[in-house]
Amino acid sequence: MSDIPPLPEIIFYILRRGLYHSLLLTALGLSIGFILGLSLALMRVHGAKELAWFSSGYEKLFRGIPLIVLIYVFAFGLPDIFWYIDPLELRLGSVVLALSLRSAAYQSQIFRGAILSVTPGQTEAARSLGMKESQAFRHIVMPQALRLAVPSWSNEYAVVIKDSSFASTIGIIEMTQAAYFVSVNFQEIWALSYLILAILYLLFTYPITRIFGERQSKKLKKMGMGGG
Amino acid sequence: MILQDRPNPIGELLIVLEYWDHLLSGFLLTMWLYGWALLMGFLLGLTLANLRQYGGWFLSRIASGYIEFIRGTPLLAQLFFIYFLPSSLNIPVGDWKIETSFTILNKDITIILLNYRTLAGLLTLGLNSAAYQAEYFRGAIMSIGTEQLMAAQSLGMSRIAGIRHIVLPQALRRVIPAWSNEAAYLPKYTVVVYFIGVKDLFSQAHHTVAFTFISVTTYVLIAIIFLVTITIISKGLDIIHKRTMIPGL
Amino acid sequence: MLRVVDIWKSYEDLHVLKGVSFEIGEGEVKVIFGPSGSGKSTLLRCINMLNPPDKGEVYLRGQNITASEVNINAMRARIGMVFQHFNLFAHLKAIDNVSIGLRRVKGFPKEEAQAKALEVLQSVKMEKWADHYPAELSGGQQQRVGIARALAMDPDVILFDEPTSALDPELIGEVLQVMLDIAKAGTTMIVVTHEMGFAKAVASEMIFLGDGVIIESGTPEHFFVSPKSERVKNFLKQLDVLYGSHEKLLK
């Protein structure tokens, strides 16, 4: 039974070893998901029937599969195709790919909802000035839609940073894996190390969702946006 | 090219399907976990929502705190915390189990319905789902509005009676679309129990991979099974929703 | 300058407009009124092609804008519209609301557009609120910005779709005053409204629309002294009860 290190040391250890990958995976997953998700939303709102159908199918597919299974599909499948790439990078790539594809499906829904809730009168007014549909969309609808999407998007951020913890299951050293190392080396605090881990994640999620969540929704309603 | 010497996906699929009894056992256990977790989440979630909305200052804060904590932390961390809690507190866990067996098509299938690991997994999933379900219930309760409760009280009903007979029945009907969403997607999250050694569908998939060395196809098959299951549950709930609709609610 | 010829419009089985025709010359003000559901709003949206008619044509300065080859956006830039619910761009300040049409549709450089926008805001007495967002303005203020937004484009004609119907009574006066001012300054206006005081003051012609057709049209004197149809008489009587007090709001 070894001496248990003091609490601050445990926290610093988890952060030092794991924060980098946790944040990297989250950032990549969210940004690729953003680009892909926004495109999918536009496909469903303004695209031809086939595109809309594809986008709808994509959403259903990547919402209906467990993230871990998706990660494993890539983790086992990618090395076959990309045998020349370093294994660690492949594992990171698997997680990023899985996170992005999943996030895109959810972000697509978020943006589609936001676009649809911009008051129709706004587009009418824009067109009455002589703007083309594309101009009205770019300058009037999208700015408002993006603002309306903030509360749901802050929620998606929280989801992705939590989901990045699954990277630990294929050996990537992010925060959850670091906590695992702690718990293995100091078995009396099995549970405590995970409690600490949980609180660390909470620090990353709660402030953001609190500020950009419901409070933002109410602020937007007051500004007269959305509700369409 | 590197892919030339791999057997075709169909061939691989057939090999994997020879282990259908393992996969079935895993699937049944997954559904078992799903059912209990959903139920637990429902009961606890509804309680939390009521506490948040109608509890006093203290109780509603506790409920909020619980919900924010669960929603702000990863499921995996919650799982490990609960799993390791007894051993950290030096509470003995024991090696007990409750299982059931039956035979299908000449294959024996045994499912461990309950043991320590399964219990820990089930508890985690239930506690987790409760926090998310609570948010849906709270939204529905809020949307029914205080006026309904005021009207009930003006008739002489106590607050609790008003909540029980006027607000909740309406709230529960209104929440069905959003709740169906959570209910349909919950099976996805049961896969985490693999990491504490519960033999769910995901775990059995690993097992099969260990025997067949066919990995991608197996996991894709699992993904498809989940997708189909979720779609069926979703459509089923949709049908129930349409059958029990009340105009205006 | 604007000719509306035999407009027909229906939604599914419901015929909303059944052959409406009229003309308006430069500097004239036409007031369209009638029971709700008679198609007044639809008519306006047919004129600026936001909702193209099923049958019929609209001629702007001799040009058939309902023809398919026409660049409808360029046409719309010449027809202004003021909406019942203001429809100000919620994410833009007042001055940007007025200038965005100049910048994005007419291609004005930013400084020119802002300068012109400020000028127009002055004419509706809203220049002090240029940097405010719509949510910070009262209904009457928002509508005045809406009028400014339409005016800034120097349109040939401005369509008003019940501009004061969504306003609280105390705020209606300021908007009607602005409308009076621009009417007296020679703006060509087609106004759907129930504000009879406004009509009496500046309308060159009034049109009563009912069940999708023009039932009666004529000068204000004609309507208020000796309307022909019973229906119009009854309608005017009801209007007077509701809106007669607004005449005092106008000078």
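So that you can tell them apart, the chains are marked A, B and C in the order they are listed, and the count of residues begins at 1 in each.
The criterion applied here is as follows: a residue touches a chain if its C-beta (ideal position, glycine included) is under 8 Å from a C-beta of that chain, and two chains touch if they have at least 3 such contacts.
On a predicted model such as this, the values are computed, not experimentally measured, just so you know.
The most distant chain from chain A is C, comparing centres defined as mean Cα coordinates.
Closest to the protein's overall CA centre, chain by chain, comes A.
The mean-CA centres of chain B and chain C are about 57 angstrom from one another, to the nearest whole unit. Chain A and chain B, compared by their mean Cα positions, are separated by 21 Å.
Centre-to-centre, using mean CA coordinates, chain A is 47 Å away from chain C. Across the assembly, chain A contributes no residue that touches 2 or more other chains. Against chain A, in their complex, chain C makes its touches with residues 48, 50, 73-81, 83, 85, 87-91, 100-101, 104-105, 133-135, 146, 149-150, 153. Those residues of chain A that touch chain C in the shared complex are 119, 121-122, 124-132, 135, 139-140, 143-144, 147, 222-225. For chain A in complex with chain B, the residues that touch the partner chain are 60-61, 63-70, 72-73, 76-77, 80-81, 83, 158, 162-163, 165-166, 168-169, 176, 179-180, 183, 187-192, 194-195, 197-199, 201-202, 205-206, 209.
Per the touch definition, chain B reaches chain A in the complex via residues 2-3, 6, 68-69, 71-78, 80-81, 84-85, 87-89, 185, 188-189, 191-192, 194-195, 202, 205, 215-216, 219-220, 222-223, 226-227, 230-231.
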